[in-house]
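Scrolling down, you'll hit the structures one after another.
Two complexes come next, and they have one chain in common, subunit A, joined by subunit B in the first and subunit C in the second.
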Partner chain A sequence: MFKKILFATSATGASDHAARVAFNIAKSYQSHLNIFHVLGVPSRGYSQVVVDVKTKERVDVDEDYTAWVTEDIRTYYEKYLDESLNYTIDVAVGVPAREILRQAKILKPDLILLGGSTGDEGESVYKKSSLGSTLQKVAKSANCPVLFVNRPAASFWGGLSNIVFGTDFSKISDKAFDFAMKVAKTLDCELSVFHALDISALHAGKMLNQDEIEQQIRESLRKIRSRYEPRLKELKGYSMDVWEGIPFIEIVKYARDKQADLLIMAHHSRKISSEDIRLGGNVEQVIVRAGCPVISINK
Partner chain B sequence: MKKKILVIDDDLNIRDYLVSLFNDNGYEAYIAGDVKEGIKEAKKIKPDLITLDIEMPGEWGPRFYRQLSQDSELKNIPVIVISGLSGHQYAVVNAVASLTKPFDREELLKIVKETLN
Partner chain C sequence: MPEGKFCNKKPVDTAEGINELLSDTSGNDYYKEMKELEVDSDLLWKTIQNTVKSRMKTWLEICAHCGMCADSCFLYEVNGRDPKQVPAYKIQSTLGEIIRKKGKVDNEFMRHCMEVAWAQCTCCNRCGMYCPHGIDTGIMFGYLRGLLYQQGFVPWELKIGAGMHRVYRAQMDVTDADFVDTFEWMVEEYEDDYPGLTVPVDVEGADIMYTVNAREVKHYPEDLAEAAILFHIAGENWTVPSKGWEETSLAMFAGDWAACKMQVESVYAAMERLKPKRMIGTECGHAHRATVVEGPYWAGRKNGQPPVESIHYVEWLAEALNTGKLKIDPSKRIKEPVTLQDSCNYIRNQGLKKATRDIMKHIVEPGFFIEMSPNKEHNYCCGGGGGFNGIGLFRKQRNIALIKKRDQILETGAKLVLAPCHNCWDAIRDLEEVYEIGIRWSFLKPVVVKMLEIPEHLRPEE
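Coming up: the complex of A and B.
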């Protein structure tokens, strides 16, 4: 299932929770784990001067420095690195998002795994209400599923057994469902399909009455049944639910209620042609707030 | 009647310690070494409280809690997480408390007393 995982890390506290997930998935599923670190953007035209992630000092990047950083990463993750783990460590210089995507193009991983942003003085993004730009850019352009681990809660507690798939019934959601089915079947997980009925955006300016809300819930449930249930029957367990409210809040609540190990959602930002690299609002908010890892699918 | 506490932990030393601690303080302690055994014991003895380790061989503690919360007879049993793993306080969101190994016995007894009374 996850034969090759690209774990992009700052090798600082912001990536610690992601690291636990990355190493545990790699060990549980005998994946090859590529631990990838981007040193930063060269600060002068033709030089290789970068700002060190940890010391914040300007340093000349040469072979010695790269070797030192590689060793430093090995030391940082020492407790996870044993003989049973199949891993490599790579270090690159450049714009983090671009380098991560470049590395993904070379490695062709089944999964890119990203932790919290380091853009806020080492704070994980879970305290903020938006994702860092690197996470947004990678999620938008990656050719494979991207797994986010932002909040400390979002850890991997002994494997995957319960997956929540959030759908908005779009074509990309159908792709995400294919992926969710594949994960659930391969890893013998239960799958809960969830749709959040957005009552804040519906009929802007007009408050829906309860009959209307419940009618729409029934319609959405019928849609879930006709669209997904025939395939869900292939799994050992599944459930289908529709809740009304603000979608990202309801998805996070539902995943918490289900004690999900993993949330899978599609996002639509590949369709955005402008320079706006933000993820779809709901996905971004779910990634920031969810109490479990979130996989975003964009194609 | 003594309140029953089920200790679920794969570490024999911790199990023995907790059993002595609870028995010496007026509770009746039972043990389980893994999730399967834990569920079996919980169904059999219907404990008033459970202490739960997170990392165990086979299934982990959160998996136990999920099964517990899906059982109508067991879902309201309070759970105290006791673990050495970092971030364990996030592993079982609805746990009444989450203690780090090595834990303070007085703190544990206080939480147990507050929970059971």
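Coming up: the complex of A and C.
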């Protein structure tokens, strides 16, 4: 299932909760874990100078420096790095999203696990010239599922037993469903299929009455049944629900209600928003808010 | 006195040599060795006799010391109007002195010349416009750099940069295979959003052969995707060469004349092999100067032109917008105060100011484009041109040099700066980092891609 995991980390407190999940999964499923750190952005034109993302210092990156950073990461994760863990550490220079995608292209992992961003976004050396965040770019372009752990609450992970799959009935959602089924079957989990009826955007300016809302809920439930139920029967347990509201809020609430260990959703935003993440799409909003790890699938 | 292990008169022309130089962090030992480097005065004088032609001799002779060039030089202005920063003084006290002494100068003097040539002149050529005699100090400094390079007195980063061109025919260690792979990778990443998007490699007889800056391949490959998207939407018949794709020339900044020739000949060979109708280079100023303006002379081309008509990216973009090949969705135009950085290398030195203004008319809501003052051919250098950006030894001087551009931008009140030139883009990025004036900066491609009206048959299926 997860033979090869790429864990992209800032190796700072911001990635601690993601790290907890990364090491947990790697150990539980005997995965190979590649710990990958982009140490800084190239600076000063063609020069060798890089602004180190952790120290914020201007440094000349050479073999010694790379070795030092690698050692620093090893020390940072010392408590996780025992003999039972099969891991490698790689360090790169560049724009984080691009380098993570480049590493994924080389490694072809089954899963990318993305750590939190480095400290205060406003001060981040990456922030200003890059359009859209690392999270958005990686979620949009990765060729494999991407797992995000944003809140500390999402990282207290005791293994997988309940998975929530959020659908908007798109083609990519079907792909995400295939993946959710695969995980649920392999790991013997229950799967809850959920759709949120968007009553904010679809009918802006027009207040639906409750009869209309409930009519639409019934329709959506029928859709879920015909689309997913035949395959859901292969699992030991499943459920299907439709709630109305603001989609990302409803999904987060639903996952909490179900005590989900994992949320799976499709990411199919065509355009990367240059706006702040807080204004981003549904998946980004869910990632930021969820109380459990979120996997985003885009192809 | 000995030739150093790192600092010597021999150019670097192997990958191992580059790695060895790189292993000397910040060039610490390199600069220590430079203090011991012997000046080969005979070689220096012989080279001068062979290469100083009548134009340069006349310029050095006829300078009337009127001082008109002083106020034209931004480095004079931002350095407290120090008389030592007057262009005429700078060149007379360096190149002029070497010639007067028939090459009999010492190590200390050569190191002084190195500082003046790379930290007190960006070869922006602005002084040449204001000199009543038309004396262009920038050109003479370019020449002086060649003499210094030959003697081994060149900043560490530029010795490496020139070496990269010798080894990889690119300014960074990007191989031909890396280039093609990265371009294909980028197209793959965007083909869902732009059905039919491809990167045609080595197609003969295409309308356009596109060349890039290796930095795009190495660190900012989205730029390649954006170039592909814009050609695709415009319906262009274009190609990239798998060899000879690098348009830039750090060798030009370094004064490594032989490497300049090698580099530009690799691009010309691609033109001759693929026979495109036109060559278009990316949003880079010095690359255009190297490959289109000066390159033909380095390569000994009698007509002073590249093998096929070669234009700058802004010329193509202006043409595509003016002819309607690319259409802008008016609702997506820039609706905030925005200013434009004129790159010395193709605005002042090649007169492309109309192209960039045409582009601004298409992409900015009327009333929001604010010109810097002065602008167009009178605009100042970004502060990091001519190799200044990348030289660690002269970082302090470079940061002072950024003050002019900082103040020009502040005066416009714009928070967004469009900079269709890699060097300018870098300098503006750095000035925000150093002075924190709260601006954003961008090339044109990413801005234009976001506001295109995409013809129905090129849209993705929903």
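Note that in this section the second predicted complex is superposed on the first by the 274 of 299 C-alpha atoms of A that agree within 3 Å, B and C clash if a C-alpha of one lies under 4 Å from a C-alpha of the other, contacts with A are read in each partner's own complex, and residues count from 1 in each chain.
The rule we apply is simple: a residue touches a chain if its C-beta (ideal position, glycine included) is under 8 Å from a C-beta of that chain, and two chains touch if they have at least 3 such contacts.
What you are looking at is a predicted structure, and each value in this text was computed from that prediction instead of being measured.
Enquirer: Per the contact definition in the header, classify A:R289: touching subunit B only (first), subunit C only (second), both, or neither.
Expert: Neither partner.
Enquirer: First (subunit B), second (subunit C), both or neither: which does A:R20 touch?
Expert: In the superposition, A:R20 contacts subunit B only.
Enquirer: Looking at the overlay, what does A:P152 touch: subunit B (first), subunit C (second), both, or neither?
Expert: In the superposition, A:P152 contacts subunit B only.
Enquirer: Touch check for A:N162: first (subunit B), second (subunit C), both, or neither?
Expert: The first partner, subunit B, only.
Enquirer: Give one of first, second, both or neither to describe whether A:H37 is in contact with subunit B, with subunit C, with both, or with none.
Expert: Neither partner.
Enquirer: Check whether A:H195 is in contact with subunit B, with subunit C, with both or with neither, and answer first, second, both or neither.
Expert: neither
Enquirer: Look at the residues of subunit A and decide whether subunit B or subunit C touches more of them.
Expert: After superposition, C is the partner touching more of subunit A.
Enquirer: Would you sort A:E63 into first (subunit B), second (subunit C), both or neither based on which partner it touches?
Expert: So A:E63 only meets subunit C here.
Enquirer: By the touch definition above, which subunit A residues appear in both interfaces, subunit B in one complex and subunit C in the other?
Expert: In subunit A, nothing is touched by subunit B and also by subunit C.
Enquirer: Looking at the complex, which residues from subunit A come into contact with subunit C?
Expert: 42-49, 51, 60, 62-65, 94-95, 98, 101, 105, 125, 128-129, 131, 141, 270-271, 274, 299
Enquirer: Given the complex with subunit A, which residues does subunit C contribute to the contact?
Expert: 22-23, 25-26, 157, 160-161, 171-172, 185, 189, 192-193, 215, 218-222, 250, 384, 389-392, 395, 422-423, 426-427, 429-430, 432-433, 440-442, 446, 450, 460
Enquirer: Of all residues in subunit B, which touch subunit A in the complex?
Expert: By the definition above, subunit B touches subunit A via 54-56, 59-63, 65-66, 69, 86-87, 90-91, 93.
Enquirer: Taking the complex as given, what residues does subunit A use to touch subunit B?
Expert: 16-17, 20, 151-153, 155, 157-159, 161-162, 256, 259, 291
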